[in-house]
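Each of the next two complexes has chain A plus one more chain, namely chain B in the first and chain C in the second.
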Partner chain A sequence: MTILQEKPSEEVFTEPQYPWRKVNPSTSITNSIIVVLPISIFALSFFLTDLPGALLFIVIFLPVQILVAIFATIWGISKKRVGDAVLSVLSLVAFSFVIALMGSVLFSVFSRGLPAISLSFLTQNNTYISPTTELDYGGVGHALLGTLMVVAIGMIISVPLGIASAIYITDMKGRLAGFVRFMVQAMSGVPSIVAGLFILAAFILTDVSGFSALTGGLAYSILMLPTVARTSEEVLKLVPKELRDAAIALGSSRARVIMKIVLPTARTGILTAVILGVARVIGETAPLLLTTSNTNGTNLNPFVDAVSTIPVYIFQFLGSGYPTAINRSWGAAFVLLTTVAILFAIARIVERSTKKG
Partner chain B sequence: MDSDGSDHLKESPTPRYFGREKSRTRSDKAFSGSVVVAALSSLFILVAILFYLATSSWPALRKEGLSFITGSTWIGGLDDPSQQVFQIWPMLYGSFLNALLAIIFAVPISVLLAIFIVFIAPKKIARALTIVVDVLAAIPSGIIGIWGFLVFTPVAEGWARLIHQYLGSIPIFVNNQDQFTRSPFITAWVLGIMIVPIITVVAREVLAQTPQDLLDAARGLGGSLWGTVRMVALPHARGGIVGGVMLGLGRALGETVAIYFVLNLIFERVNYYRILDPEGGSVASMIIAKFGEATPEEIQALLGAGLVLFLLTLVVNLIANWIVARSARERLV
Partner chain C sequence: MNIKNVRVPSSPQDVHPNKPGDANVHLETQNLHVWFGKRLILEKVNLAFPENSVTALIGPSGCGKSTFIRVLNRMHEFIPGAALAGRVLYDGQDIYDAAVDPVNIRTKVGMVFQKPNPFPTMSIRDNVLSGLKLAQMTYENSEEIVRTCLERASLWNEVKDRLDASASSLSGGQQQRLCIARSLAVSPKVLLMDEPCSALDPGSTRRIEDTIREISSDMTVVIVTHNMAQAQRVSDYTAFFLSEDGAPAQVVENAKTEEIFKKPKDSRTNDYVNGLFG
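So, the complex of A and B:
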């Protein structure tokens, strides 16, 4: 460790703080120079030349900002803090970049999606609608119902299996607990398109079933299972062992302990696990293109015939390329994002109420 | 992982009430039996995926042999099945190129962001930023796809033009087609945006677990923030970060619909390094692109492509989990 070979620092730490958070009185002037100088040079070069901003940011702003920060550090604090200055500037750039990206995604979905939203858009289906039809007619009603069916089927299959995996790992501690956890992890890496292809090969190409909400739900359940299992495992670990011991001492059987004590105690956490599983899959397009296909009408029979879903609706209209069709896509994207947001909000509220109780 | 169970037993003052003792009722046996069966469902599903993809794509794979992976021809949709050729090398290479570029873009951003959250930012900003990263991770890939196609592509096209204008003499930035959209460069940025939260979450967790006494020791020796991060925190978190990167790699390899919209898939030749050219490949997107008008033989080939993708992501993911688990164990020691 070269850090040991450095001469002892001359600074004296009067209070137990991280040294990089120590503020020297002479830094207040330095701080303002750090902030003002690079921006003004950047602004000057932006207005006086006609070079694009992205280039100026990389070639002018970033180097100037780093140089200024280095000099300010040497002058105001210590030569040894030069690395800190560069690290701070770069990590602030990374921070702003990620904030800008997320802002851009959310802003474009809101600003372009919100104008498309109306009662008719949420309730009508896509029958007799072409990519150029005005937004006053037709909507995502059928796709919303389809997504609901597919997700519900996915839940019905994956939630019991996921919870059972978690019970096996945490409560039963069977011989294969490590193996089951390993398999769940391996499953979490299955790409969504592969889940779709598997259902296609196993059910549709073998003529067991046609395109339907059921096959879509089967594909979704493969993607949901690892999320549900892993989150439930974390939740079940939190159930106090004393509760289980007490129930056993009273003569309960294994099944009763789990069904009447462990699961009810962990019910809010398990609800969170289910919600996270739903949020994980609800925007997946690829498996549904291979398993539910698409339709313009409303199909309420989950076992027969193609069904439309929100992600596939976005895909369908985005592919056609017409401006009104693209507005429909943005509208559907807004509906999808709102649904995910609501799911996460519910999960957070549930989590908070558990902590209080 | 098996040690979890035995550790618990050692501490536990109570007997192993869920063990293999004899006094169990029939309903109890039925219950635990069904739990075991359900818990093994992930194994059944993985084996079933392997079995069904392998058997249903077998005719195409047998006909093409190894050239299914190494060849660069795709002729489908003919009436005569014997004339059809299905080879996926351009797509396979493209998947790796996209994922590699995405990681090159995403890793510095993610690691810097994680360092910022753990060591630099005030508590409130750090907490808010953690939520921002979680939100970014929760945005469905379909929405990143539509955003990448309609909002981000024009922006990144400007970046690509700039790079070409000033660095065009470097071979990887050559572009003779005067079209800068739908390139591996833009695809990699879209993928990078998807994997930044994955890597950041893992990196943040492992960085935050740097033992406080190590940080205190570095501070006591007069170490700067950069010195502490470079010599204490990053070496400590290296395994976890590498694992997070591998998880991101798995995600990038499997991404389908977003790539379908932002990349021009070229099936006949491989774009090895000209990342600004509007030519690229992706196994997952190919399956969507070809599925709509595929002949039965072509669907067999697409299932074969899915099998290759499945095995690839399985290996990547297992290595990732192994690295993360190993580094977690090292931290405990």
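So, the complex of A and C:
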């Protein structure tokens, strides 16, 4: 007796294929119903009633969309997948909501800020400019330099301190680690104006220093420190204990374990910590009103005299109420957003190039 | 002969089957007790590791073998709640003496871990040299060191053309051999290995066993293993650890590997090496 062997298929495959992407024709009809039906009901109710769209969205669209998804899943696929369907609907709605929010913020800053942008707006300062001066004259050059100075001073103070306290908590495991962590957490709740008031009371009212970029940077560092320290702590915890063990077993001192192994391994995360710290403060206005004050001219000396910054510049012109002044504020907001984006991009590029090297 | 290297047996259990004519012992423990918190883990461990020999530590999981070898290079103290009594002598000196710097001990007593742990941010070459840099040792001719160490760890042929590639691009078995090469670079006198092959394929395991045999010509090796066949292949001596009914673990039997596997004196050793429990 011989075993009958099925003739193997001789089809020739030249292109990669993705069989799991095939769509069942009946499912594709179901899918289009899931997408079209709730939106049509929502649109109908919107045009036929006077109720606000947001209310209809929550009361009509969301429940209908979830119900349709549930029935379509039971009918078209399986009862077991109902949870997937509901979760997909909810997460898609939440996702669209967040994207719409961010998009609308970016859109308003771009659409209103872009008309104000010109080379003179970026390079000139505010001397001899009144709230009614045309946009062709004057700009945020002095405020941009001021913001960069204040943020740089904040970083110089808070980044080493933040990383050091994270190392104390994770690697040194000192006696006071719990206390330090608690204090850092408590500090993250400090309102920004309180940070400004503290520097005002401690340095400026006591005549240790006048208004300056340095006092602004000190106020910023109070706000940045908790973010840098907390984030650094989290990323240092992610460095595997095995790597620390390996270095210790090779006869390394603890300092070298931290400097040569732990910090280089956590480099990307530490950079994220610094970026989050900068992002935390760069738009803060209140502490700067109390510590850097404001000026119309360019001040490049970080230690002496008031300095202008973009958040304070925005505040200054927004308060005046004149249309050209408000346009200046939008333009400054655009410059601030772009500056943040450029700073972050530079950080990522530097990080990537050092990784290769 | 250096007088401080001559051992004086301090208890009946301490009599160790040294190689004939070689009384040199680099490392030994005397009446060692180990705790975690209040719980006694190891009790009365007297083991001596003759120079340039391979000793296998066998026994069921959780009986304190890994803890024991971490005691031998002062890694034990990093575990919260760790405590210890008794003596660990390296070249006649108690390594837990207050005058001893643990960092120096660890350059002489190296360690290879169960899970391969090369430094992911470094190249293969820098991983081999990392110990020298971390321990702040002076060295010349780094190319020669890299080559010799990788050859001894039988990894050279596989990586000689890509020494600057990241260590994380290697397979698990290659990573473990890289870790061995890294340990060899600081020229330790003793190498502790904590189940170095437990996560590896047979090919890498065989190469690592060859390496162990080769380095034991000028290095004392202590290896924890759950693989009976491996213990027989690589070791000169075998110590059997056992913890019975939650009691602290003790060394049940300690002898030449042949005797442990062919004619064990203790019935529990016999049962264990023949796979009747554990």
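We adopt the following convention: the second predicted complex is superposed on the first by the 235 of 357 C-alpha atoms of A that agree within 3 Å, B and C clash if a C-alpha of one lies under 4 Å from a C-alpha of the other, contacts with A are read in each partner's own complex, and residues count from 1 in each chain.
As a working rule, contacts are C-beta pairs under 8 Å (C-beta built on N, C-alpha and C of every residue); 3 or more make two chains touch, one makes a residue touch a chain.
Nothing here was measured: the structure is a model prediction, and the numbers come from that model.
Of the two partners chain B and chain C, more chain A residues are in touch with B.
Of the two partner chains placed by the overlay, only chain B lies in contact with A:84; chain C stays clear of it. In the superposition on chain A, A:253 makes contact with both chain B and chain C. Contacts of A:261 after superposition: chain C is touched, whereas chain B is not reached.
Touch criterion not met for A:110: it reaches neither chain B nor chain C. Shared-chain residue A:243: touches chain C; no touch with chain B. Taken together, the two complexes place residues 245, 248, 253 of chain A in contact with chain B and also with chain C.
In the complex of the two chains, the chain A residues touching chain C come out as 240, 242-243, 245-253, 256-257, 260-261, 264-265, 267.
Here chain B touches chain A in the complex through residues 1-2, 4-5, 8, 12, 14, 17-18, 24-25, 27-28, 31-32, 34-36, 38-43, 45-46, 48-49, 52-53, 56-57, 108-109, 112-113, 115-116, 120-121, 129, 132-133, 135-136, 138-147, 149-152, 158-159, 162, 166, 193, 196, 218-219, 221-227, 229-231, 247, 250, 253-257, 261, 284, 287-288, 291, 299, 302-303, 306, 309-310, 313-314, 316-318, 320-321, going by the rule given at the top.
Of all residues in chain A, those touching chain B in their complex are 1-4, 6, 8-9, 11, 13, 18-20, 52, 54-55, 80-84, 86-88, 90-95, 97-99, 101-102, 104-105, 108-109, 160-161, 164-165, 167-169, 171-174, 176-195, 197-198, 200-202, 205, 222, 225-226, 229, 241, 244-245, 248, 253-255, 258, 279, 282-286, 289-290, 311, 314-315, 318, 326, 329-330, 333, 336-337, 340, 344.
Those residues of chain C lying in contact with chain A across their complex are 73, 75, 78, 103-104, 106-107, 110-111, 113, 115, 117-121, 130-131, 133-136, 179, 182-183, 186.
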